[in-house]
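Okay, here's the structure, questions in a sec.
All chains are identified by letter, namely A, B, C and D, in their written order; residue positions are counted from 1 within each chain.
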Amino acid sequence: MGIVLGPNQYGKAENRLVVVSRDGDVHTIKDLTVGTSLRGDLADTHLTGDNSKVLATDTQKNTVHAFAKQAPVGEIEDFALRLGRHFVSSQEAITGARVLVDEHSWQRIEDNGHSFVGGSAEKRTTAVTVDGPRAWVVSGVRDLVVLKTTGSEFHGFPRDEYTTLPETEDRVLATSVTARWRYRDEDVDWAASHAAIRRLLLGAFAAKHSLSLQQTLYAMGEAVLLDRPEVAEVRLSMPNKHHFAVDLSPFGLENHNEVFHAADRPYGLIEGSVLRDDAEDVGLAWYSLPEF
Amino acid sequence: MGIVLGPNQYGKAENRLVVVSRDGDVHTIKDLTVGTSLRGDLADTHLTGDNSKVLATDTQKNTVHAFAKQAPVGEIEDFALRLGRHFVSSQEAITGARVLVDEHSWQRIEDNGHSFVGGSAEKRTTAVTVDGPRAWVVSGVRDLVVLKTTGSEFHGFPRDEYTTLPETEDRVLATSVTARWRYRDEDVDWAASHAAIRRLLLGAFAAKHSLSLQQTLYAMGEAVLLDRPEVAEVRLSMPNKHHFAVDLSPFGLENHNEVFHAADRPYGLIEGSVLRDDAEDVGLAWYSLPEF
Amino acid sequence: MGIVLGPNQYGKAENRLVVVSRDGDVHTIKDLTVGTSLRGDLADTHLTGDNSKVLATDTQKNTVHAFAKQAPVGEIEDFALRLGRHFVSSQEAITGARVLVDEHSWQRIEDNGHSFVGGSAEKRTTAVTVDGPRAWVVSGVRDLVVLKTTGSEFHGFPRDEYTTLPETEDRVLATSVTARWRYRDEDVDWAASHAAIRRLLLGAFAAKHSLSLQQTLYAMGEAVLLDRPEVAEVRLSMPNKHHFAVDLSPFGLENHNEVFHAADRPYGLIEGSVLRDDAEDVGLAWYSLPEF
Amino acid sequence: MGIVLGPNQYGKAENRLVVVSRDGDVHTIKDLTVGTSLRGDLADTHLTGDNSKVLATDTQKNTVHAFAKQAPVGEIEDFALRLGRHFVSSQEAITGARVLVDEHSWQRIEDNGHSFVGGSAEKRTTAVTVDGPRAWVVSGVRDLVVLKTTGSEFHGFPRDEYTTLPETEDRVLATSVTARWRYRDEDVDWAASHAAIRRLLLGAFAAKHSLSLQQTLYAMGEAVLLDRPEVAEVRLSMPNKHHFAVDLSPFGLENHNEVFHAADRPYGLIEGSVLRDDAEDVGLAWYSLPEF
C-alpha cells in the first residue's frame, strides 16, 4: 500500500484588473476579477519541492496584466481562452488550465466621457477550461437578485411528523440567481449571447406562474435552451430568500401579504441542471475536480 | 469617588423589512433596513435590572412592522420621523430616539407588474433623531461607487524622509461615497431632494478636475449647498480606492494608464464636512454619542 | 431533440443550531451550522409544479431541530448520518441526501459552568452523503489559519517572458487551510480522529521545511494517511496568503524579513489530493454534482 | 451667507502589517491593522487643490512600515503614540492625529519556534488621539463573543399595544462585546492592563446574574473601574445575539431551553458608558468628529 498524489491544480486567484481604453475623450472600462489555475505534470513540486515545472503564480498574474495590454481585452470569454491556451501551449509540463473571469458592471455618468458609477452587484462570469487542444466555455451570471410579489404558490407537499409549514397560494418569491451555461463551441457572439440569455432568465422568472422554486428554475433553464441553440446546458443554483409575512394580528391588523420580514438564514437552496438530451459529452467543461 | 452610568441607548438594529403595495396588477416594493434606538431615564435597568422603563427591543421591532401596515410607509424620512416620535411620545421614560433607515433599490423587470431585479449596492439612507419635541433629519447615500479614468492629478505634496510616492498628473480616481446631509427642517420633498442631491454629487465628481480627493470632496459638498437651500451641511467619507498602474516595462510594454490593479487595502480615507457659515445650531442631528 | 432535467437537489442551508446540555450546574454547548440537501425522483416539481414528492425545506429544518432534541447530538458525523438516513428511509421518492455540518468552537470561561467565550474562526466540518443503503463520510477543517516565519523557500521555477518574481530562500508562508478527509467507513471514533488529524496537519505544516506550498500540502496529507488508517484520502485547498517583505531601503533601512505587508488579493491557490493507491471506489463521497 | 469647510481629516486606513522578531530560533509575530488620520491646516487642498500641507497617505503608510523597523513595535498603545506624535511634531500644518491599531492574535504551534496558528476573531484595539502636545489613549477589545446558557432573565418590561414578547426567567444570553476604555494617562503597563481588563470583563459577564443586558453591560464596566484605577471610563457596545428556543411542541417534544435557533437579524443593540464621577475632562479622547 502506498500514498500517492491525486488530482491537483494551482494558480493565482482574484486578480483585480481594471483596463481603460480610450477613443478620444470617450473612455471605456473593463473591471474584471481574474483567476487562473494550471494542471499537468506537477508531481515533482509536491513530492520533492523541485519547482522546475511550476510556472509561478506571480508569473500567471503578470501574464494576465501583460495580456490585458498586448491586445484589446474584448469579451471575457475570449480573454479567458487566450490566457488558458497560452499557459497550456507555452509550458510543456502544463496540460490544462482553468481561467475564471468575473466582470463587474459600471454605468457612465451622464454626458461625461470618463466618469462612471458602479452598477449592481450582479456579475457576468465565465469559466474556461483548456485541456491540451480542447477547450470548453461555461459562462453565466452571479448575484442576480430577483423578487416577485405574487404569482408564486407552494402546496401539495408531503406532510410527515415534522411538517408544520402551511400551504400557500400566494407568497413572495425571491432568489439570488447563479446561472451557468455551457456553450456547444466557441463560435458564439459572446456579448450578444450573454445579453440575450440574461433577458431570457429574467423573463422566465417574471412570467412563469410558480408552483415551486424548482419549477421556476426549470422554466428559466428551458427558456434559454429553447431560444439559444449555442447553449447545451444550463445549471442554476437558486437560494430561496425567504420573505415571511409578519403576523400582525396581535395588533389588530390584517397582513394581506403586505409586510414581510426578509430572513437571512436558514434559506432554501434549489440546484439543478437543464440540458439537451442530445448534448454532446460534457468533457471537462465543469472541470471535474469535485469539492475544489 | 463613585462610578456612574454615562450616555447610553438601546434598541433593535437591522430589521429587514419589505413592504408590498398594490395598485391593481401593478405592485411596488419598499425594501428597508430599519434600526431604532431609545434614550431616556434608563438608569434602573443598568443598576438594578428593573426593566419597568425598558420598552423591549422586540416591541420596537413589532412597532416597525405595525407602522408599516397602519399607513403607507412613504419616504424613509417620514417613516423614521413617525417611528421616533411615537416612541418618545408614548413612553414617559423615553425622551429621545434615533431611527436609522436604509433603502435598497429594485428595478421593475420589463413590462411585468410584480417582478423586480435588484439594483446596485448603493443605499439611500436616513438618520432621524428625536429629542423631546425636536427632531433632526440627516439623509444620505452609502456605497455609491464612482470612478473616473482621467481628470485627476496629485502633486505638490510635501516630501519627508518617508515619502516615495511619485507625483502624477493623471491617475484613476475611484471611491465609494458615503454622504450625509443635514436638513434645515422637515419642510422638504424628501424624494425629490434626495434625487437632486445624488445627481449633484455625481455631477460634481464627474465635472471637477481633481487635484486631490479632498478638493473633489469639497466640490461635491459645495455643489449640494449651492443648489439645495434645504440642506445645512454635508458630511462626506470617501475612501481612496487605489488603482495602481501596473509596471509592464519588464515585458517590453508601456502602460499609458491602461492596465490597473485595483487594490483592497490599505486605502486612503478622506473625511470632511462642508457647511453654511450661518448654519443654525446642529443640536443632536449627528447624535453626539461619539464612538457608538 | 428535447430538453431534459439533469442532476438536481434541494434543501435547507445554514440552519444555525445551538444545543445546550446540562449535567447539573455544568452545561455544554454544541454550536452547529447544518445544511441538508435531498435528491431523488424530483422531476414532477420541476416540470409541472406537482410537489407531492417534495419534502419541504421547512420540514427539513424542523427535522434538524427535532433530532437535536430526540437524542444527544453527539459527534457531527453521527448527527449528519442520522439525518441523512432518516430522509432517505422515510421518503419514498428521496433516494439520496447530503448533510453538511460545521461545528463552531467555544471555550469555557474559567471556573464557570455555564459561560463561554467564542473560539477561533476555525470550524470542524463534515459532509455526509447517503445514497440508498450506502453512506460516505468526509470530515475536515475550514479556516485553519497558519503561518511560519521561516523554513520556507521558493526557487528553481521556470522563467518565461512574464516572470519577474525573484527566487527566495527564506519567506513567510501563510495559508488558511481547508482540509477534507474521506473516511474508509463509519467505524471511527470521530472526535478522536478529528483531533489527531488536526494535530498531524499542524505538525506537518510546522515541521516540513517547505520548498513550495505544494510540497507542504502533500506533506500534510501524507502525514495524515501515514498515521490514520481510517482515512482513505485527504483533499487540501490552501490559499497562499502572501506576506510581502516591505522595501525599506528608501528610508535607509534594511528589512531582514522583519516587516511584511499582508496582502489581500490576488493570492496563490494550491489545491490537491493525497490518497492511498489502494483506496476503494470513491462512490458519491464527494457528491459528484460538480459546480454546485 | 457663505459655504465653508468644516471638520475634516484624512489618512491611510487598514495597513496590514506583520512584524517578525527573532530571539535565536524562537520567533514572535505582531499582526496589526494600522490606520492613521491627520488633522490641521488643511483648507488649501480642499479649496484649491494646493497639496503643500498634505503629507500623502502613501507617506503615512511608509512611516508605519519604517517605524515598525526602526524600533521594536512593543505594545500597540506605544506604537500608536509614537506614530501620532511623529506626524504632529514633524509636519507644521498637522496639529492632530488619530492612530487606530487592531492586534490579531496567534498561538504558537506546539514546540515549534517559528510556526503559528491563528487565534480567535477577537482583536485587541487601541485608538490614540494626539492634539498638539496632548494625547489620549482609548484601548479595547472587539469581537469578543460570549454566551451564557443560564443566569439570564428578562421581565418586568412595559407592555404597550405592540408588545408580544413573553417574560422569561431563563434565557440564553449571547453577545459580541466591543469595549473601549479610556486611560487617565500614559503611565500604564499596557499589556498587563489589557489582560486584566479582559479578564474582568469576562468574569463579570459570567458571574453577574442578569436581569437585562443593560445590567450586564453596567456590571462589566463597573468591574473594570473598581479594579483598575488607570481607567477613567468604559464604553460598551453589545449586540443581543438572540438565541430563540425552538418550539418543538408540534413534534410532541418539550424544549427545556435545549435547542436554539441563533438568529442573524434583527438583533438588540445595547450601548452605554460607565465612568468615574470625578473623571477629568474627556478632551479629544473619543475624537469628536461624530459620524465619521
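Points to keep in mind about this one:
Please note the rule applied: a contact is a pair of C-beta atoms (placed from the backbone, for glycine too) under 8 Å apart; a residue touches a chain by one contact, two chains touch by 3 or more.
Only a predicted model underlies this, so the values are computations on that prediction, with no experimental measurement involved.
Ranking every chain by how far its Cα centroid lies from the centroid of chain A, the top place goes to D.
Between the interfaces C-D and A-D, more contacting C-beta pairs are found at C-D.
Remark: chain A and chain C have CA centroids separated by 22 Å (rounded to whole angstrom).
Averaged C-alpha coordinates put the centre of chain C at 31 Å from the centre of chain D. Our note on geometry: chain A versus chain D, Cα centroid distance of 38 Å, whole angstroms. For chain C, the set of residues that touch two or more other chains comprises 15-16, 62, 66, 162, 164, 250-251, 264-265.
Touching chain A in their complex are the following residues of chain D: 161-162, 164, 250-251, 264-265.
Contacts from chain A toward chain C in the complex involve residues 1-16, 35, 37, 42, 45-59, 61-63, 66, 90-91, 138, 153-158, 160, 162-165, 180, 210-215, 217-218, 221-222, 225-226, 233, 235, 237, 239-240, 265-278, 286-292. The residues of chain B lying in touch with chain A in their complex are 15-22, 27, 29, 31, 62, 65-66, 68-70, 106, 109-110, 112, 114-122, 144-151, 172, 176, 202-203, 205-207, 243, 246, 248, 250-251, 253, 255, 257-264.
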